[in-house]
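Take a look at these structures.
Shared chain: chain A. Partners: chain B in the first complex, chain C in the second.
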Partner chain A sequence: MLLSRKKQRKMLPFREQQRKIAYFFILPALISLCIFFYLPVVATFYLSFTRYNILQPPKWIGIKGYTRLLGNPVFWKSLQNTAIYSLGYIPGKMALALLLALILNQKIKGVVVFRTLFYTPEITSIVAASLVWMWLYNVDSGIINFALIKLRLPPQKWLYSIKLALPSITAMCIWKDLGGSMIIFLAGLQRIPDQIYEAARIDGANKWNLFWGMTLPLLKPTSLFVLVWSLILSSQVFTAIYIMTSGGPANSTTTIVHQIYVNAFQYLKMGVGASMAVILFFLIFTLSLLNLKFFKGAEYY
Partner chain B sequence: MNSKVKKWSGLSLLTTMMIVVIAQMGFAQTTIVFQTSLMGSKEEARNELIKDFEKAHPNIKIEHRGYHDIYKNHEKLLTSMVGGNPPDLVSNHDHFVPTYAYYNGLEPLDMYFELAGLDSKEIFYQVLLDACTYNGKLYGAPLFSTADALLYNRDIFKEEGLDPAKPPKNWDDLLDYAQRLTIRKDGKLIRAGVELPYGKEETRNRVFLTLLWSNGGKLFNEDLSRATFNTEEGIEALQFYVDLFNKYKVCEIGWGAEVKHGQEPFLIGKSAMEYAGAFELVFINNYAPELNFKPAVFPGRKKQTGPVVSFPIFMPKGTKHKAVAWKFIKFAISKEANTKFAKLCARLPSTKEAGTDSYFKENLPVFIKALEMGTLPPPTPGWKEITDLIQNAMDEALYGIQTSEQALDEAARKANEVLAQY
Partner chain C sequence: MTREEDKTKRTNKNIFVLSVKLSLWLLLLFFGVLVAWPFFWTVTTGIKLNSMMYVYPPQLIPYPATFDHYLYVFRKAPFALYFCNTGIYAGSRLILNLFLCSLAGYAFARMEFQGKNVLFIFAVATMMIPYQVRYIPLYVIMKRWPLAGGNDILGRGGMGFLDSFPGLILPEMAAGFGIFLMRQFFLTLPRELEDAARIDGCSEFGIYWRIALPLSKAALAVLGLFTFQGAWNDFVWPLIVTNSQKMYILQLGLQRFQDLQYYEWGPVMAATSTAVIPLLLVFLFGQKFFIRGIALGGVKG
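Let's turn to the complex of A and B:
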């Protein structure tokens, strides 16, 4: 500190006043955050121990709500589907986004056009995207089956097939969310100074060494961010499923958030929905913590 | 101020006040909010109904809020009920009525009918009335109804040597005709003998109900405490459905999925027969008016029956303009309005009076018959959950994950848990 302790103490009242003014400025945002975000979260925790049909006051049933839920096979199926979806979505999206970022990081003329094109799906409405992809996947007249037939491959039932429905939706979501991760990877790549690569090349490193030994490790903080973000997104997948398959043939595409919606708003079982939301919260929380631990020390590179 | 200015200012003030008061009287309107799912094929009918009512009642204005998706309508109603400002009138699928009534969210209408000197049992078809009654009280006024039928293409019948005046009358005939009318080339389906609903279509559940009931089966026992659709009749019904897809291959999953209006397989001659609701008639009228087809009662095994669906108008509790809202209901069930509404959306009227109109006897005799013989799913608040269980069982059997018996047994077991809650 450039100021002596004595002078710091003299400044205290002014700092105090500044702090008070600062709080005053953020108070409106803080209040609305509390009302529309934190309060519902607390309410959800409370409701998860009740039976609540929205039209009548909640009835406390304690831990029974959770035990009944854990005995419901559809709940476990939805968790399983969410896990399968995530295992396809996260690596798929990260790998493709990184690949695109590497390709589009070069200083070629018009590269910005491609960056824009790949980012565009991210900003389209998920509803519109779902509808369009439903046409692509259409069994009789969809362009994907049309291409398969032309290539003399058997056409598939896509969204009407038990095995393919979830992968079909996964592919659509990867396509849609690719752009955002690509931009983040691009930013991460551009923070790596060129001199490092030059120095490595002088030392005799080839392209593979450069990538595995330098680029990837230096991208660790960026990758961590994309990973945690993708994890949170993938565990909350809902809209695509609601529109494209409604939980899909024989519950093969229902995910946990879809089950929350169906139980809370269609069956009027808000308590069940709240319990599922709480379980989901702890799952994402734990996985995020694990991720942070795994990537510990990344920022010290 | 001199007296002349005083006089003029006083006069102009008085005039202004009088104008304001008269204008007020002219604008002394009540506006009631009417929230419906009367969209798509029912949109014209709904617009005309509202227009005619406003013409007959110049002081009442109707603000309409429409939602295509019946569950969106349901969601909005729920949130507005909780928020304390529900719409004055709602029209939605009849299976929501027991749910809202069970949770005390609706205003019983018996009193209004009594005070107006109307006997609901005389006015409406019994089967529609049953759907709106819960615990002995009437909670909704049926507006129109629809039934399902077998639509068949007479030209295709003639081509294949079948008598176009003799549609199939039982399951064996249905299978036989369907097999004769199906065309496959190298295994690929070119023309479906009979198109049955699958996936998440609205009619999908109803086709199981038709097969179950026409085989003599029942959904639940008398007091709605136990599911009975996994009896032998139910298993036979589901197995017949599954066999039509998988064994006899007269229809296919994915056939005609998500096509543009006007491209439905039946409309373009790619399906010889189909299970459809009355709404199909509107689409045929609009997109394929030259189609030479006829509706027939869907073939039953032991008896002819099918599900009847209605969209009643009901009054949420806690609204401010109950008397005015009742006026609208009374108007909508009057012979003229009820007949006009049904005609404009190719549906069936809800009142017996309107049903006597020759138009329905000529053009929709099959549907009138269905209305008379029809059965309605029993009113239980857990209906959506049970519907989903049945749909899931149909999927499991159709995709070969479980046998029909296993699938229905599992669904019945879970349905019993649902019923136990109410």
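Let's turn to the complex of A and C:
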């Protein structure tokens, strides 16, 4: 009763209690994130400077952990393949997704059905998709080669061809992933208020002007987001390659994540895998930060 | 202009609009067929007679159809077991995520405590950590887990949590995405509800459990769907942490099945169909949650 107002407020029992309980609320999740997210990241950084095969304790080799990658031709090939894959995957996926989103944004019958249809490959597992497309690409009896024969075109070796294996996988991944980007583009398109179009039309713009001069520029934040997001995805491509080609033929399809897996879990060269993982981490972390910026921009309308 | 010319102009315009709409619809149909084709081909291959499997021209509709391939699949590999394992894995991951992330999300949204903002960023930043930079040490952590799988207190001697359910589930029992999503939702709940409950003598946990949580069914559904989908389709971590067939989850079992039954495309496609259908059903019924979730928060892989 003789306490000052300030002290009385400080000693509000439920605030004290709430503070302690709050820590209990967040503790399980935070502990889990520490042990299974942050701790492994730190450990990977450490392992990247070592030689480690899990049977013996890690042996520190310092900067050699990274310089050895420089002299590894397969490492460079995997980077090159990841880049080639990205150069095919990103424009292909974005163009298709944008096209479909633009069409679906018009008032046409059956939009919902088509929207669901185009999104369905996204929810199949990459394992299932890889197996299905392996059958489609089958050299002797796959439906794609059958179609080519029907069109009097030469059948291809697809996944067994050094030149075509990576594009084949790229096509499959575009098929699988375009639904997600399409939805994001649709959301971006629908965020553009109709009044803007009305105002432009009153000013005398025709359909073409509307598209190039208004829709596309207004989609820029969304497009940037999809672009960076696709880049994050494409730099991580692994399962499709593991299943469809195991990195072959002749290392023409191995990518950086595939090399991480092969080195760490097949050759048991965990130090090598860790170094590659760190390099990949910096790439993806930077891209994720970039995307945070673009995601905020996409909310502007 | 005369009224006659006006009328013709209007009809011409209508015809133009109609033909544009029709061509767009045909374009959609074209892409729709392309996207749907692999699904169609998977299902039909799964029920096609072996004698008709490799013929040219290919049999589009399998008649007579056979379920022999499905019988073969379940005879040659314990797919029922794979389903169970996947159910346990996905279900546990789902429940743990929903519980831990909603607890933390509620605390971050509605409770006051020291370091709240820093800790929130700490939790959500994990979304930018790609899995490749976690998996190598996670393997070691699971292997060296103290007092598990034959390990002593220092984690030596045994196999730890490798090849076991805890090994599968633990690393993914909480995710930054979930905490982010739940906090965003809880922020929208009116404060009066919890104030009223507090006056009625409800404990903090009681407010969370009896008031906030039941109101958050929509957010929980979105988080649940994404978590379940991620777990059902997960391949890389199970590939790394398990090695005995009895612990295979569906995707891994499917891939191994194809590896062994390499030329038996009928059974492989039958197996693929069974792997895809449950999630397909979940998706078709929970569609709106999926689409809403993506447009809301970007896509989580």
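Just so it is clear, the second predicted complex is superposed on the first by the 259 of 301 C-alpha atoms of A that agree within 3 Å, B and C clash if a C-alpha of one lies under 4 Å from a C-alpha of the other, contacts with A are read in each partner's own complex, and residues count from 1 in each chain.
Basically, a residue touches a chain if its C-beta (ideal position, glycine included) is under 8 Å from a C-beta of that chain, and two chains touch if they have at least 3 such contacts.
All values reported here derive from a predicted model rather than from experimental measurement.
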| item | value |
| --- | --- |
| Chain C versus chain B on the shared chain A, clash or fit after superposition | clash |
| Partner chain(s) touched by A:W135 [first = chain B, second = chain C, both, neither] | both |
| Residue contacts with chain A in the superposition, chain B compared against chain C | C |
| Chain B versus chain C as contact partner of A:L268, first or second or both or neither | first |
| First (chain B), second (chain C), both or neither touched by A:F211 | neither |
| Chain B versus chain C as contact partner of A:F25, first or second or both or neither | second |
| Touched partner set for A:W76, first chain B, second chain C, both or neither | neither |
| First, second, both or neither for A:W60, with chain B first and chain C second | neither |
| Touched partner set for A:I284, first chain B, second chain C, both or neither | second |
| Identified clashing stretch of chain B versus chain C [21-29, 75-83, 93-101 or 309-317] | 75-83 |
| Intersection of chain A interface sets (partners chain B, chain C) | 54, 134-135, 138, 140-141, 265 |
| Contacting residues of chain C [partner chain A, same complex] | 21, 24-25, 27-28, 31-32, 35-36, 38-39, 41-42, 45, 53-54, 56-58, 100-101, 103-104, 106-108, 111-114, 116, 119, 122-123, 126-130, 132-141, 143, 170-174, 176, 179, 198, 204-205, 208, 229, 232-233, 235-236, 240, 251-252, 254-255, 258, 265, 268-269, 272, 275-276, 279-280, 283-284, 287, 290-291, 294-295, 298-299, 301 |
| Chain A - residues contacting chain B, complex | 53-56, 134-135, 138-141, 157, 160, 162, 245-246, 249-251, 262, 265-268 |
| List of chain B residues in touch with chain A within their complex | 71, 74-75, 78, 81-82, 99-100, 103-105, 198-200, 253-259, 381-382, 384-385, 388, 392, 395-396, 399, 401 |
| Chain C contact footprint on chain A (complex, rising order) | 14-15, 17-19, 21-23, 25-26, 28-30, 32-33, 35-41, 43-44, 47, 54, 96, 100, 103-104, 106, 108-110, 114-121, 123-129, 131-136, 138, 140-141, 143, 146, 149-150, 175, 180, 183-184, 186-187, 225, 229, 232-233, 236, 238-239, 243, 257, 260-261, 264-265, 270, 273-274, 277-278, 280-281, 284-285, 288-289, 291, 295 |
